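The next part holds the structures, each set out as structure tokens.
Next come two complexes built around subunit A: one with subunit B, the other with subunit C.
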Partner chain A sequence: MPVGESLNTLSAGLILICSFAMVGTRQVQGVLRFFIVQSLLLAASSFLLGFDEHSIHLWALGIITIVAKVIVIPWILKRTLARELYVRREIEQTVNIPASLLLSLLLAVGAELLVGPLSSAMGNLVVQVNLPIGLACVLIGAYSLAARREAVPQLIGILAMENGAFLAGIAIAAELPLIAELAVAIDVVLIVVIVGLLTRDIKRTIGTTEAAGLSELKEEPESWR
Partner chain B sequence: MALIAVVVTPLVAAFLCWLPPIRKIAWHVTVFLSCVEFALAVVVSAGVIARGSVIGVSGWFEADGLAALVILIVSFVCALAAVFSGGYMSQQKGHEDRLWWFYSMYNLLVFALVVVPALAEPNLVWVGVELVTLFSVLLVSYENTVGALEAAWKFSVLTIMGAPIALLGFLVLFWAYRTGVGHHPETWEALRASASSMSPALLKLSFLLVFVGFGAKTGFAPMHTWLPDAHSQAPTPICAVLSGVKTTVPLYVILRFLGILLGRPEVHIGGFMIVMGLISVGIAAFLLLQVRDYKRMFAYSTVEHMGIILTAAGLATRASDFGSVSQMLNHSITKSLCFYVAGAILMTLETREIKSIRGLLRISPFEGAALLFCSLAIAGAPPFPIFLSEFSILGSGVQAGHPVVVTILATLIVIAFVGLMMQVNRMVFGKPIGPPRRVEIPRTCRVAIVMAAIPVAVLGVYIPAPLYHLLNLAAQQLGGR
Partner chain C sequence: MTRTILYNLIQILFVLVFAPLYSGVLSRFKEIVQSKRGPSIFQPYRDLWKLFHKDEVISSETTWIFRITPYLVFITPIFVTVLIPVLTDYPLAFAFMGDMLAGGFFLGLGGFFAALAAVDTGNPYGPMGASRTRMVGFLAEPVFMIVFFTVSFVAQSTIPFIVQQKWIENAGAFFSPAHVLLLAAFLMLILAEGGRIPVDNPAGHFELAMIDESKGLEFSGRGAALMKWGGQMKFLVLACIFLNVLLAPWGLAQGLEIMQILSAVPLILIKILLFAILLVSIETSLAKLRLFRISEFLGAAFIISVTAMIVSIFVGS
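Our next item is the complex of A and B:
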């Protein structure tokens, strides 16, 4: 096995572990740290594959990932949500952490069962590693969005899902035009600006960013007369 | 050239609204350029009818029948929403100094909505759909109330969550295309043409991912929960755009995927779409029976219609595809009318609750009659266009040999009809409660309601030949046979 490929496998494995760690962490700050590590690993993977396949696009994607997800996004989050990040210590969840980890494990196994046969029939080793792990990260991120009831962890969950999608993407679509990557990077920053704005406004109006406190709008049949 | 102009015009409008000297007349600029936009969309549609497709920049901006239809719908609804917002926004107190911001964002939203159908390159389409989501989130939260922020938050979490899932779907599609044919630029046209050489398993995986991701944005059950919240809390002209066309645009992308997929008959995706469509129709039909807020009522009706369009596309015959695209057109024009009327009622009575409105016909004959008109139209009573398209969908289902699907769909449509008309009946007839009010709704709002009502009244009895031709061209893109 070439060095590049085995290093990519190592990195992909660590990315999956980061996804688990994000589900298992109680502190907002901890979640953010694991997200930064995960983004760095994604960048490393895309540099490795870019080196192996002589693809300038993958190098560009790696640089964009570092700039957007390791530097800009954490900086914006810390700036707009400083108190939130450092004062509040624990994230409220609807499902407790051991059960969440177990469910995440099931999701990862499910992802492997879903695309494993497909990717071994279609692609090389990189695809066999990255596609199931990428899909697993997307699914685990979606689960943590559903289980977490607070704005910032939900936001980081969305970004982690995107990391998963890109991990699969660098393996299966190496020559994706640069314009797509650029647009995606702009997109990510826009998301953060908007959601940061929203969380600040919500906090100013309601006093907390707990999404669980948002329950004005729903149907209540019994009050219908 | 017209296609490029269609894309650029809203951008120019957004920039002009942002310029400090022009901020005071932002509304006039928006209305003028929206009308220009609609005229350009008509030019594009005429070009498509004449030549089959219009090419702006080859490989990047191209419009075929389906794209032209969506551009036409978007520009029509957005132009009327711009007219309506003149009167509506001037009545909203406390936001006068932010009006230019509203119009600037509004034009950016229009840009994002037309760029999706105008693009031929799938990966950029994904970016376009994300832009739609971003600008809609900002506009939903515009009023800055607790309810608006809650709605915007639910909206952004559920719809942005769909983005990475859909992104993975697009990447898998790209992979399937590359391993299949090689190195032509990837466009919808090229994808359709080379569907037979792509791996069916990959196509199916990519369709499912995009369906989940963009289905959340379209508002298919069970990912529809953001839709009634956003649609009840946003400023009314935005509700009309969200419900009328913002749901249609991601659905357009899903239908594009369907067109590619049907190039491989061995991938059976129709049954899945029929089941998902019927679930949406069913959930919406039963929620319509117990809804308390009339804007939410129209929002649930959107979920119902999205389900009907999906079911029709899943039947995958030429006739049902025609029904599906006409339903798309009819739903957009009718639903935007519904929200204009709802906005006018909200301005007069200042309540969203159905139970505190009685005898609307006596309080304000214009609004009462308009509500009755648009509700009958959206519920699908004859002789309105939605009745025609629903009827043709049911008919094509019988022809295609799906009597069970047709029976379930017809039953659910009837339940939704009863639910909707029951609520509207309570509001329109009877004795007014509370002290009598006399609030004149602004003239621009009346104009927008009357203008929106014209195609709703006409298309049920007469479809102009060019439009019929365009609908046929659009239906071909769905790939049914």
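Our next item is the complex of A and C:
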């Protein structure tokens, strides 16, 4: 196996591990940190592919990823929800963490079973690696949306799903128009702005960002814990 | 044939002689990092010397298990030494007697008898430590299995001498995800099996918090010395497997000349020294985990090893 491809495979594997780590981390700040690492790896993976295929699009994509997901999104989250990010330590989960990890492992294996025949028909090593792992990241992100009970990790779950789709995307369609990718990047940043501001307002009026606590309607804010 | 048997003996001698030095260097480094002076790196030799010259006290309540355990704990790492590359790049006389699984079995046998002996004494701390060691052991077991499966899948063999050649074929194989992720998982296993810090504190003297140490509390004199020496050899053997089979199979003797074997010794020692620095930096930057968090630590190792397997199956290499 050539070095470039094996480095790409390695970064894909590390991206998958970052997804697992986001499911397995208790602290909000830890989840954010793993998301940043995952985005960096994603950028590295797209730089590698761009180098291999001499594609300027992929280089631009990597730079957009770094700007949007490594710099802008954590900055916005820190601006809008600073206390929420740094004060909260333990996250309530519906499924405990070892069981969550096993479920996400099953999702990863399932993703391979699902797209394995498709990607091996493509015959390209990069597709064979990126497509199943991208799908696995999407599924694990969706799972963490369902299992988490906190607003901020749920938001990061959405972003992790986007990362997975991105990983699969750069392998299948290397020559995607840049404008589409730019639109997606701006979209993601806008999602973060809106969810961040909303969460801050919810926190201000109700006093918690725990999604599980938002199950009934009451008129008096004092009755919320 | 006789020559390779001689080299095997040299390997065993290497492990016997340098195992106490390795643990001495580790504890000295750790103390230096914590800005203390620490004991001399030769202190473990003096401890062994002292213990061998003391009388042995054996409780009349114990059975034969307690008497043979020190010998088993001492002898099992030596059996593993015969199976793995410690100094040489090529298979020696007994290399094909067993694969990595057999090595795991031998180390497990020593651990099993150590746990039995701890229960045998009736000392309240012994069984507690034994049950905790078993807990760590059975959590580490699946990781060991997946690591072996992945290694055998990638290298088409589980004989350590054949596996080590696989990673240095070319740079692509060295940076392949199977290799890098296996390294991470195996390092976590070494920390768990060797009773190092995120799992257990080897320098702790508080019986209630002990995992590994409390099994040896009842041994005295020669028994204690053999247990201690055996534990140090086990840790050195694990480090040799990690360094010579998985991480960096460089610096090993390649020829059949005896001078080449002897000149491999300092190279291996330098590698082990670097590994000790890595271990010390891990140990001083992490806190000991709570007992019920150990399952999460080894769960992470399991996830990493399974990811290694999944990715290497994707690639099909």
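Please note the rule applied: the second predicted complex is superposed on the first by the 215 of 225 C-alpha atoms of A that agree within 3 Å, B and C clash if a C-alpha of one lies under 4 Å from a C-alpha of the other, contacts with A are read in each partner's own complex, and residues count from 1 in each chain.
FYI, contacts are C-beta pairs under 8 Å (C-beta built on N, C-alpha and C of every residue); 3 or more make two chains touch, one makes a residue touch a chain.
Just so we're clear, the structure is a prediction, and the values are computed from it rather than from any experiment.
Chemist: So, does A:Ile71 touch the first partner subunit B, the second partner subunit C, both, or neither?
Modeler: neither
Chemist: Quick check for you: in the superposed arrangement, does A:Val129 touch first (subunit B), second (subunit C), both or neither?
Modeler: In the superposition, A:Val129 contacts subunit C only.
Chemist: Should A:Ala108 be classified as contacting the first partner (subunit B), the second (subunit C), both, or neither?
Modeler: So A:Ala108 only meets subunit C here.
Chemist: What is the contact status of A:Ala99 with respect to subunit B (first) and subunit C (second): first, second, both, or neither?
Modeler: So A:Ala99 meets neither subunit B nor subunit C here.
Chemist: Looking at the overlay, what does A:Ile56 touch: subunit B (first), subunit C (second), both, or neither?
Modeler: Touch status of A:Ile56: no partner.
Chemist: Considering only touches as defined above, state whether A:Ala168 meets subunit B (first), subunit C (second), both or neither.
Modeler: Touch partner of A:Ala168: subunit B, not subunit C.
Chemist: Scan A:Leu145 for contacts with subunit B and subunit C and give back first, second, both or neither.
Modeler: A:Leu145: touches subunit B, not subunit C.
Chemist: Taking the superposition as given, does A:Gln154 touch the first partner, subunit B, the second, subunit C, both, or neither?
Modeler: First partner only.
Chemist: More residues of subunit A are touched by which chain, subunit B or subunit C?
Modeler: B
Chemist: Under the definition above, what is the set of subunit C residues touching subunit A in their complex?
Modeler: The contact residues of subunit C facing subunit A are 170-173, 175-177, 180-181, 295-296, 299-300, 303-304, 306-308, 310-311, 313-317.
Chemist: Considering only the defined contacts, which subunit A positions touch subunit C in the complex?
Modeler: Touching subunit C: residues 1-3, 5-7, 9-10, 12-14, 16-17, 20-21, 24, 97-98, 101, 105, 108-109, 112, 116, 125, 128-129, 132-133 of subunit A.
Chemist: For a test of understanding, state which residues of subunit B touch subunit A in their complex under the given definition.
Modeler: Residue list for subunit B touching subunit A: 123-124, 126-127, 130-131, 134, 137-138, 141, 144-147, 149-154, 156-157, 160-161, 163-165, 167-168, 171-172, 174-175, 178-179, 199, 201-202, 205, 228-229, 232-233, 287, 290-292, 296, 355.
Chemist: Over in the complex, which subunit A residues touch subunit B? Could you list them?
Modeler: Answer in residue numbers: 114-115, 118, 121-122, 134-135, 138, 141-142, 145, 151, 154, 158, 161-162, 164-165, 168-169, 172-173, 175-177, 179-180, 183-184, 187, 190-191, 194-195, 198, 201-202, 205-206, 211, 214-217, 219-221, 223-225.
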